[in-house]
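Next up, some structures in C-alpha cells.
You will see two complexes here that share subunit A, one where it goes with subunit B and one where it goes with subunit C.
Entry: the complex of A and B
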C-alpha cells in the first residue's frame, strides 16, 4: 500500500508541475510583446520597462519559469496590475473568506447528505426513497449558478424577501453578517450533496444486506443499535472518498457562486482580474484552485486506498 | 434534444438490434419518457422560437426594465429590448454548441479509450497518464484561464469543453473495451487476420455502444451546464447575442425589478439539464439491465 501511495504522490507532484507550466505559459501565449499586450496601446515606456522587469521578460523562457516558481514559494506572486498591490496581500483576505464559505458549506452539507442517504437506504423502494432519488437526480443536473438564481428568485425577490440577493461587505469580515451567507452556503450545499447522498444510500444498502448485520439482528439487538453501531460506521468508508472529491470540487465551483452573489472571495477576484486582464492575479488564483483540487483529489485517492480492504490486506 | 441525441448517435457504426434494444428498454422507464417530453419541449422552443418571436432580439422596443407593458408579454430588459423575443432567440446557440462539444468529446474519447484498451502497452500507459493530467484540472477554471488569454470564441468553447469531456469518456470507453476484448469473437477476428483498425471499428465499437450512449447523454447534460455557466460569467457568447446564459448575466442586477428576464432563461436551462439527466438515467438503467441479459 505504501508503494501505491508513493506512486500517487509522485503523479500528484507531476500533475502540479504540468499545471504550473500551463498557467505560466498563459502569459507566453499572448501575441507579440507580453508587456505591451497586457498594458495596452497607451502604456508609457517606463511602465513597459517596469513590467518587463517584473515578469523577467528579458530572460530566456526557462529562466522566467524558474524565477516565477521560486517566487511562488516565498509568496512573491508579483504585483497586481489593477490596484498596484502585491498579489499575495490582495488575495490574502479573499482566500480566507472563500475558505470560510467553503468550510461552512462542507460542515452543513456532509452530515445532512450522509443522514439523507442513510435514511433513503433504510426506506428502500418506499416513497421517501423514490422522492430522494428523484430530487438528487434533478439537483445533480442543474448547474449550480442556476440553483443559486432560483434561490434568489424565491427567497430574495417578490413576496419573500428573507435574505439579500447580493453580498454587501468587505472581505475582512464575511462572518459578521450571517444572514448574507445563507443563500451562497445553501447553493453550495445543494450543489455538493447529491453524489454524497447517492453513494451513502448505495453503501448503506450493501451493508444492510451483509451477514454481520443479519447476525446482529438475529441475536436480538434493538434495530437502533444494529443501524448505528453495526451498519452506519461500516457504510461510511466508501463515502469518505466521494465526500473528499466533492470538497475538491468546491474549490472550482465556488467561482460562479461568488460571482453570482458578489461574495468577496477568490472566485470574485478571478472574475474581476479577467475583466481587467490582470494576469498576475489570474495566474495566482487559477494555480491556487488547481492546486487545492489536485491535493484534495490525491487525499481522496489515498482515503479510497485505505478504505479498500483488498489493498490494505494485500500489502501485508 | 432527445431526438437530436438519438439521431446524431449514428456517429457509431450501426448495431441495430442492440441499439434498439437499449432504447426500448430505456423507454420502459417512466423517467425516460418524462425526460424526452421535457427536453423535447425546450428544444421546440429553442428551434421554433426565432420564427415566432414578436420583435427583434437586439433592437430596443420600449423603456428599459418595464414589466406589464401591453405590447410585450414579459416586458423589456435593461436596455429596452423585448425579453420574450430574446428568450425565444437564445436557445439554439446554447443547445447547438453543447451538442457539438458533447459529440466531439464522446467521439474523441471513444477513439482514445478503444485504442488504449485494445493496443495496450506504452501507448495505453501514455494516453491514460495524459488523461489523468487533464482530469486533474477543474474543467471550468481551465476554460476560464484559456479564454481570458485568447478571448471568448465559440470554437474555443467547443474545443475546451469537448476536450475535457474526451478524457472522461476515454476512461469509460477503455474499461468497456477491456471487457469486450476478452471474448471469443475478438480472438476469432484476430485469427482470420482482420486488420486491427477493422477490429476496433467493426468489432469493438458496436459492442461498447451502450456505455457510449449513456456517456453522450451525461456529456450533453454537463455541456449545457458548463456553457451556460461560461456565458453567465461573461466568458461565453458575447453581447448583443441573445443567449440564455448571457441574458442571466445581463439582467441579474435588475432581478428585483424585472425577474422575468432572469427567470425565463434560468427555467429553460434548468429544465433542459433535468430532462437530459432523466433520459441519461433511463439509458444507464437500461444498459445495466441489457448487459446482464446478454452476457449471462
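Entry: the complex of A and C
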C-alpha cells in the first residue's frame, strides 16, 4: 500500500508541476508585454523598465520560470504590485481565513450529505426519498452564487434579519465572529452536498441489495448492526472519491462566495488582484487552489485504498 | 395467517419444518410466485428442492426464513419450525428465530460474506450473544470464541487466530463455502436452508462440501432443505425430493421413489436431461488418416511471468469433438483462448489445416478467423443488449466474409441450424431465455460456416434441461462435419458429446485419449479422483425404467455420409 501511496504522491507532484507551467505561461509569458498589461494607462517608460526588471521579463522564458519556481520553494512569491507587500505576507492571513471557511463547510457538509444519502436509500421510493431527490436536483442545478443571494435575501434582509449580509471583520480573526460565517458556510454546504447525497444514495442502495446484507439479515442481526456494520462501511468507498472532488471544488468555488459576502480570503484577494492586474498574486492564488485540489484528491485516494481490505491486506 | 393451529405438529416430535399452503405473490402484478406449497422435513433429514430457474425454489427457500425479496410478500399459509409458528410474528421475534431456529447457506459465499469484515466478526455475530449493543465487538466473549473455533474445526477449517483475522477474499471458494456452513450451524438451528451452495465450486470441492453438509446435518440433528437445479447432486444427498415447476410442488416423495418412478412428466423430463457419467460416448467418426484440422504442439502460455500451460499437444479432426476437461484454474480457458488468438502470449505451434496460426488474432487473416469461431461461457454477457439478433449474427459475417448478397438468407440459415425460429431475428437479447441466448451465440458463430468451433463452458450458466438441448444441437453440428473443441469442468458432459478428452491439471495434460477408454479405465490418479468426486447419477437411478432411454440417447447415430 505504501508503494501505491508513493505512486499517487508522485502523480500529484507531476500534476502540480504541469499546473505551475500552465499558470506561469498564461500569466507572465504570454505574447505581449506583461509589464504593459499590468501598468495599463500608467505606463511610463521608466516604470515599464523597472517592472520588467522586477519580473525578470528580460530573461529567456525558461529562466524566468526557473527563478519563479525557485522562489516558490522559499515562499518568495514576489512582491504584490498593488500594495507593495511580499505576496506571502499579503496572502498569509487570507489563506488561513479561507481554509477556515472551507474546513467549516467540509466538516458540516460531509456528514450531513452522507447521512441524508443513506437515509434516502433506506427510505427508497418513499416520500422522503422523492423529496430529497427533488431538492438535491434543484440545488445542484442552481449556481452557488444564486444560492448565496437567495440566502442573503431570506436571512439577512426583510423581516428575518438573523445574519449579516456581508462580512465585516478583518482577515486576522474570522473565527471570532461566528454569526458572520453562517451564511457563507451554508452557501458552500448547499453547493457541495447534492452530488455527495446522490452518490451515497446510489452506493447505499447497491450495498443494501447485495447478498452479504441479505445474509446479515438472515443471520438475524438487528437492523442497526446490519446498516452500520455491514452496509455503511462498504457504501462509503465509492463516495469518498465524490467527496474529494467536491471538497476540491470548494477551493475554487470559494472565490465567488467570498466575493459575494466580501469575505477576506484568497478568493477576495484573487478578485482584487485581477482588478489590479497584480500578476504575482494571481499566480500564487491559482497555484494554491490547484495544490489544494490535488492534495484533497490524494487524501481521498488514500482513504479509498485504506477502506478496501483487499488492497490493505495484500500489500502488507 | 396462522389460523390452522399446528394441531398435528404433536403427532411427530421429529418434525423440524412444516409448511402449509404457503403462497408468495409479486407486488405490483399480484402474480403468484409460489402457490399453496405444503412440505414437511424431519430432523436429520434433507429435502431436495429441485426445479429450474424461475420455478420459485429460491423464493420458497427465503420465505422459510420469513424473508421476502423486494416487491414480494407472503400472503397465505403457515410455517412452523419444531412446532413454533414463524409467520405472523413481530420483526423482532422473527429476528430472534433466525440463526437459532433456521439458518441460510447462500449460493455464492463470495458475495454473501461481507468483504470488509474479518471472519471472526462475521462468525461470532451470528451467535447473537451480544449483550452490549452498539459496542463494536459485541458478544465476542471467550465463550462465543470457543464456539466459533469449535464449529470451524467441524467444517475442517483452521481455528487459529490468524485464520479468524482473515478477510473473505483471502480464502478459496471452497473455504468460503465452509465458512458459510459454519456460520449457519453455529447457532444449532433446527432447519438449514441451502440455496445451491455448490454451484460455483468444482467437482472435488463440491464433493467435500456436500460431505460436510451431510455429516453436519446428521450430527446436529438438523433438518435441511437443499435447493438445486442439479438432479445428480440432489439424488446423491437428499432423503426426500420435492420437484418445483412454475411455483408449484408437482411431485414429492422419498428420493428413491421419485428417481425410480417419476409421476409427473416434468420430473421425467428433468431426469432425462441429466447427463450420465458413463455412456457409450458419442458416435466416433472413423479415424481418417491424414492431417488433423487443428494441431497444437508444445504450447506454453504465460500470464505475466507465471506459466499457466506447459507442453500442450492436441489434435482435432474434422467432425470430431475433443473435450478439454479441468477444474477452475487448470488453464483450459487459456488454452482455448490461445487457439482462437485472444491470448497471444504463448510459444509453440498451432497449425490449422496445415498452416501456422499467428499467436494474436490481429495477425491472422480474415479467412483464418472466419474458420475458427468461439462461443463464450455466459450468454447473458456475450450478446450486445442494444442489437437485434439479426444484427448480432450479421456483424461478424460482414466483417469476416464480406457483405452477403442476401443477408436474410444468412440469418435464417444460421437461426435454423441453431434450432431457432426465423422470427427471432427481430428480437433483442433481453427478450430471450438463457438457452435461447446461447443458441443465438451459436448461430452467430456458425453463420460464417467455420470449420472449428471452440465452446468455452457454454452450458455452465444454463439449466440442466436446456443444457441437454444445447448438447444435442452441438452433436448435430458435429455430424455435419464441424470440429469442436469443448471446454468444460463437467465430466458427465464429456462422455455425452466428445470422442476424445484431454484432462488438464495445473496447466498440463495428464491424460489424453478416447472418451470410452478414459472413462472406464482412467490411468492418471487425477482423472480417477475427478470421476470419483462426480455425483454418480446412475447408481441411485439404475432401477428406473427411464434408465434405458437415457442409456441410448435419442440421437441419430448418423452413419457418416460417403
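By definition in this document, the second predicted complex is superposed on the first by the 260 of 316 C-alpha atoms of A that agree within 3 Å, B and C clash if a C-alpha of one lies under 4 Å from a C-alpha of the other, contacts with A are read in each partner's own complex, and residues count from 1 in each chain.
Keep this in mind: a residue touches a chain if its C-beta (ideal position, glycine included) is under 8 Å from a C-beta of that chain, and two chains touch if they have at least 3 such contacts.
These numbers come from a predicted model, not from an experiment.
Engineer: Who wins on subunit A residues touched, subunit B or subunit C?
Structural biologist: Of subunit B and subunit C, more residues of subunit A lie in contact with B.
Engineer: Could you look at A:290 and tell me whether it touches subunit B, subunit C, both or neither (first, second, both, neither)?
Structural biologist: After superposition on chain A, A:290 lies in contact with subunit B alone.
Engineer: In the overlaid three-chain picture, which partner chain does A:219 touch, first (subunit B) or second (subunit C), both, or neither?
Structural biologist: A:219 sits against subunit C, while subunit B stays out of touch.
Engineer: State whether A:252 touches subunit B only (first), subunit C only (second), both chains, or neither.
Structural biologist: In the superposition, A:252 touches subunit B alone.
Engineer: Pick one for A:3: touches subunit B only (first), subunit C only (second), both, or neither.
Structural biologist: In the superposed model, A:3 contacts neither subunit B nor subunit C.
Engineer: Quick one: classify A:165 as touching subunit B (first), subunit C (second), both or neither.
Structural biologist: After superposing on A, A:165 lies in contact with subunit B but is clear of subunit C.
Engineer: Would you mind writing out the residues of subunit A in touch with subunit C in their complex?
Structural biologist: 209-212, 214-222, 224-225, 229-230, 233-234, 307, 309-310, 313
Engineer: Under the stated contact criterion, what part of subunit A meets subunit B in this complex?
Structural biologist: The contact residues of subunit A facing subunit B are 11, 14-15, 18-19, 22-23, 26-27, 29-30, 137-138, 140-146, 149-150, 152-153, 156-158, 165, 249, 251-253, 255-256, 259-260, 270-271, 273-275, 277, 282, 286, 289-290, 293-294, 297.
Engineer: Can you list the residues on subunit C that touch subunit A in the complex?
Structural biologist: Against subunit A, the touching part of subunit C is residues 62, 65, 67, 70, 94-100, 103-104, 106, 108, 111-117, 121, 125-126, 128, 133-134, 138, 167, 169-170, 183.
Engineer: Give the list of subunit B residues in touch with subunit A in this complex.
Structural biologist: For this pair, the touching residues of subunit B are 31, 129, 132-133, 136-141, 144-146, 148-150, 221, 224-226, 228-229, 232-235, 248, 252, 255-256, 259, 262-263, 266, 269-270, 273-274, 276-278, 281.
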